[in-house]
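First up is the structure itself, then whatever we jot down about it.
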């Protein structure tokens, strides 16, 4: 490892670490089946950080869970494909999927307070994870665990090794969660709102850590959040989700400053700025429809200022919109907003 | 009116109703429970005989086997006991007493428990400490010991003529007293959570009185788990009464519960007159089982943590 | 920005302090010889809000923002200091509060009409009351027919609107807004922020606004108070604080906020976590994390002083 | 091998009953069960034989020197289980011990003024007054070894307040046919045959293992499953089952105990009424005639009872069969009597019964309620635990109650009538609270106690019995039967006093 | 640790005070032992004399004071029925009941926990459903009914097992055990089953409920995301966390087992404390009743303390302070 920053552009062109194609997630309920995520496609390259944003309930976490094979039954992947480093993984049997978890795909969840088993020492949880993936004796596992703790910035790892989760602060616990996610040396980490529960000053530290990992280890990271600021700071590319679909995806700069989809545009407008005092915020009226009551056509059409008849009957698909890809008919002819 | 229809419809479409329709054992248990409760409630109307009108009893009809067995009589479908009482009718009447005792005991412990739980949870501090410590001490004495004690005190305190009549209340007290702690703990925990919620703060800012906050705001929000506890408690209470009867502390023979019937029949278990104890026993197990199945299901369905 | 800035303050908080007793139970202390422990959740906070303006409190989790609001609302008694809410006429000021959690702030078993009606004047008749509820719902952007629904039928943003309607139902002049938007999505947050701003302009309301999000504060506020471990470390007009922060903590805050406009800044986030309020550092509580810390910071608690920049700052390193 | 053979030959009788022996101290308790069982370990000067006749035991013979002076010649060559010889000193020691204040036997020995030792095997007993039942009483007064008692510090009967004599709980030395081998209270007591018993050994039992089993059903189950050989009191409902089981048998005999309803005949009013109907003999007779005693016998007692008219079992001396004739069960007559007495519409009657003191007491009382209802009397039945019943009944708290009386351990009518016929005064009529009162009866009772002449006694006893029957002093029900269940390998005798005299038993 | 002991100690004192007051009211309420001691033929004077000797004639307050005074030093007097010091009596009966209760608890845990885990992890299987129904049946049947049916089948009909008592027992110091002889173990089978049925069902349902909740927690999800084997996830992490509340309930249950042993002992003539108290009540044997109550209260407090200590050992969060 050279310590040199990875060039994300080049990485994306190289074989993608993760390639998701037309992913569809269903909840078979009672009589009908609810489609919670549909037609989601994206890929992440080595060392790349893909931000996934969207309102609560847009399907961000579901997508993440589906990728690590931890959808809660009766939820299931009902369409599309997922490739990890070129190998298809969505149709693997349970036992095979389990072997992927931790070893090839790591995960970080939102709440560091509840992600660790309160009854076991941090060291025990680390070594058990390491030994689940790499043969070796207790000694080497311990050495590796200490190394990991050091890497995520825990001071005095020898002492901390034998402490219990409740003896750590929130930020430190999230560092340990990250260390655990790294224990199997996965190519991909799915980080579901890793900073939401943390204070701003701590949040910045964790973001810094994630960025450093992507750069030094070349780990691909899918960073789920609804904080645009975090995305802007961290991600290389960003996918905007709305009602179970990706409505826009592209390089972070483009999406933030030149959004192509009316929803993305509205989203950006409604974020108050720190530097400028606005009189009014540009707001999108209404709220995202709940799962199961999505309107016909484009799911955004009832809130969209530019909706036309076509939007109410036909579903726009993700297509190149110049700079980014957007799922909006406005761009099907090539016009920008 | 249409409101009611709407709400009924809404209920019909609810998660609860759907889950209910899709669990055959629960439907079965609920139907059985309704049937049993009906038989009990309407005992005086539908029972073929009134076993507790002594003037109608004929000792000549004693110990007849069930109708389908040689020597049985079609007037007494499930046979008769040593006094010549119709077993089927005594079961109906006995079930009525069992259910009444159970419900009253649960209602008693629920009232006390909910009230104390609300007060402890809302006021906190030493009031809470005192109430909960009291609960701890209470829990140090198993139900049976408490029942022995209350029973003993009642026997002495009450004038002789009233003992038998008051038995019903004594049994209720004996069973009820033992169970309030559960309710109090549940309600206290729920109250401590609810009282910290913002809607309570909003009410306090709006200068709503403490009593109203407790009764109108907090109580309705703690009642869900209480009802589940009460349903499950009902099964336990009915069983406890049966056990107390077995130990001679339950309902007297003049107002027999299922437990009293089983105890009386227990002496006949080896005598070949199995119907005298077996049928009331089966009725008891069926009743409690039905209550438990329904209660268990309610708990699973209503438990937010299991969604 | 308001015409009536010269008026007497509507809310005045002087040297407010609140200590919570978090000791172990009496017997346990007796047995272990453990001392009483207490948390100074709020310590010597003073500020004033003029009618029709917004005062914001910012700071990280646990710094005492909500406690200040609860003290002002009368939900807690201050350990020291006083809260004065008075109009010129000496009349009592009606105040209401809007809370952070859209789920917990409405009684889930009550129809929202009932919830809104709760703080209304008792003398109102049934029909009048219904009419007023309808008006209020329209004011916050909902329909009068929504009065018969239950909270769970509304989204988070809608519920915050209902809370605001409830606050307005009391004809409150002072609204205590305790992070009213932090549980909401940004698109919905914008709706609520706009609504709050509209209402202030239309009804001349006074806001005590609490948030940890500086961008949101900037949008709404006239003055800002920055809190750290129960104490006000910097206080002054919004523009000055945000554009020319003096206190190192305020600077730290501003620096760590991820920003859309200036991404990929080379930030050097401060190490260390917020100390436990149970045993706060001596002197200036910020000194362990402070880049400017001097010897005096460990011993002496800095007082809030007027700084050259135009704000009040509590820092030994800032000269006036 | 020798061991195996002797084990095979050794006859062990495994015996179960609902109660527990309260103590091995024969002077500490006077309940029948304990006295019955430890009567195999200890002996009195006289004893009851198979036919319930007095026969010599530790005394070989006796004569009256005067009306108040008796001389007893003690048996020679008798040894206690510890090898000590039995002498007059032991008798005097036992008299002083049993008669000491606080002992339950003080009352029994009260007529005795003193015992004098004539020689080692002769004693003279002086009475305070003429007393007819001295021998009867002596059958229940057991003789202890003075030396042994002193060696274990049990010179006085067990005293609860000071716990002297505590050693007697698990051990005891007597002269009887069986020795105490081991004892764990409430669990198991083992007796073994006394090889050096003075009497000719008729029995072939080597060992008796006694286990208390309180629960009726469990006890019967233990017999049916072959875990015990012998239970006293197989409940009537299980008699058929036991008899129907191969290898099992039921031995029946009438018990001395008569069951009856006692009544408050003294109070002016009964609770809830403004009169006392029970004071009227017509009402008492009406209740009597409303009870279908044959129905009870058949349905509840399953033929294990004998309806009785006087409170005296035929097995007792001075029984007069001509008196034992019941008023017939006759509902019409009963109604007519009630009408005559002014209670044509009946009345409510508080009724109190013990739960578990007598055979099927609860069922009998319930059946009575039904029968009384048919003549318009609404009986309000309360069942009481025996301990409470036995406290409240003598205190006169009940108006109409069930009771049973056997006349144990004296086995004489005097015991019965003095306790239950006499107007309650002092020690007499203790179990007749507010009950039957007749001046003639009260006059005759003390005379019966002192009359030695059997003919005169018979006359007086018959007169009392007849008066009491005709005035319906009690409502007599029936005489209980003993139904002892056992393996058919056991050959027992079933005496009317329910005593287990194992020295008459044999086993195949 | 010390604080824990201190809190427990105060509750011991509290419980004991309440117990002594309660027991004492029993003294005064439950009737008169004199008849039972003296038999029906005793004279009034003798009754009175015994009453004086037992102190029953004195004022309630004096009696209470005397009782407390002696109870403090563990002297509960002498049983009216067995005429032995009550403490000896209780100690003699203790092994029988404890053996029964412990066997039932061991069975309950050994069967209930695996059954609970299984039904939580495979809720839809046929076996799971049968187990769940069985557990509902288990909490719906009164013990005495189970006991009587067992006796009917296994003693009376099949003649396999003993209907009463403990069989042969071996004495080890002051302890007696039936676990070392065949007849002792045979005698133990039916009472233990009778007592354990309810407990097995309880524990199974409890473990199942806790498991279902724990399995949904973040840390279990995260443990799976780390790639741990199902065995490690469910049997190490999930189960260990599920068992915390089980410890408390098991503690409480052991207490109530001592009470329910009354019923079982009555059915099987098991010579334990349950029989003792039943007979004491029948006999109005106050000293035994009072001592029994005190014992039950005391064992509850002790069990609670043990539960707390186990918690302390298992849950590191409690060890912090």
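So that you can tell them apart, the chains are marked A, B, C, D and E in the order they are listed, and the count of residues begins at 1 in each.
Here is the rule we use: contacts are C-beta pairs under 8 Å (C-beta built on N, C-alpha and C of every residue); 3 or more make two chains touch, one makes a residue touch a chain.
From a predicted model like this one, the values you see are computed outputs, not experimental measurements.
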{"item": "Minimum number of chain-to-chain touching steps separating subunit B from subunit D", "value": "1"}
{"item": "Neighbouring chains shared between subunit C and subunit E, ordered by label", "value": "A, B"}
{"item": "B-E or A-E - the one linked by more C-beta pairs in contact", "value": "B-E"}
{"item": "Distance between the centres, which are taken as Cα means, of subunit C and subunit B, whole angstrom", "value": "50"}
{"item": "Subunit A-subunit D separation of Cα centroids, rounded to whole Å", "value": "91"}
{"item": "Length of the line joining the C-alpha centres of subunit C and subunit D, rounded to whole Å", "value": "89"}
{"item": "Where subunit D and subunit E are represented by their mean Cα positions, the distance between them in whole Å", "value": "39"}
{"item": "Multi-chain contact sites of subunit E, meaning residues that touch two or more partners", "value": "30-31, 148, 152, 156, 266, 278, 281"}
{"item": "Residue list for subunit A, restricted to those that touch at least two other chains", "value": "none"}
{"item": "Subunit D, residues touching no fewer than two other chains", "value": "217, 221, 224, 385, 388"}
{"item": "Subunit C residues within the subunit A interface of the complex", "value": "60-61, 155-158, 185-191, 193-194, 197, 212, 214-216, 218-219, 238-239, 242, 252-254, 256-261, 263-265, 267, 269-271, 273-274"}
{"item": "In the complex, subunit D residues that touch subunit B", "value": "216-217, 220-221, 224, 235, 237-238, 240-241, 271-272, 292, 295-296, 298-300, 350, 352, 355, 362-363, 366-367, 369-374, 379-383, 385, 388, 392, 397-398"}
{"item": "Contact set on subunit E toward subunit A in their complex", "value": "217-219, 221-230, 232, 237, 240-241, 314-317, 320"}
{"item": "Residues on subunit A engaged by subunit C in the complex (per definition of touch)", "value": "55-56, 169-172, 199-205, 207-208, 226-230, 232-233, 252, 256, 266-275, 277-285, 287-288"}
{"item": "Touching residues on subunit A, where the partner in the complex is subunit E", "value": "68, 70, 98-103, 106-107, 109, 111, 114-121, 128-129, 132-133, 164, 166-167, 177, 180-181, 183-184"}
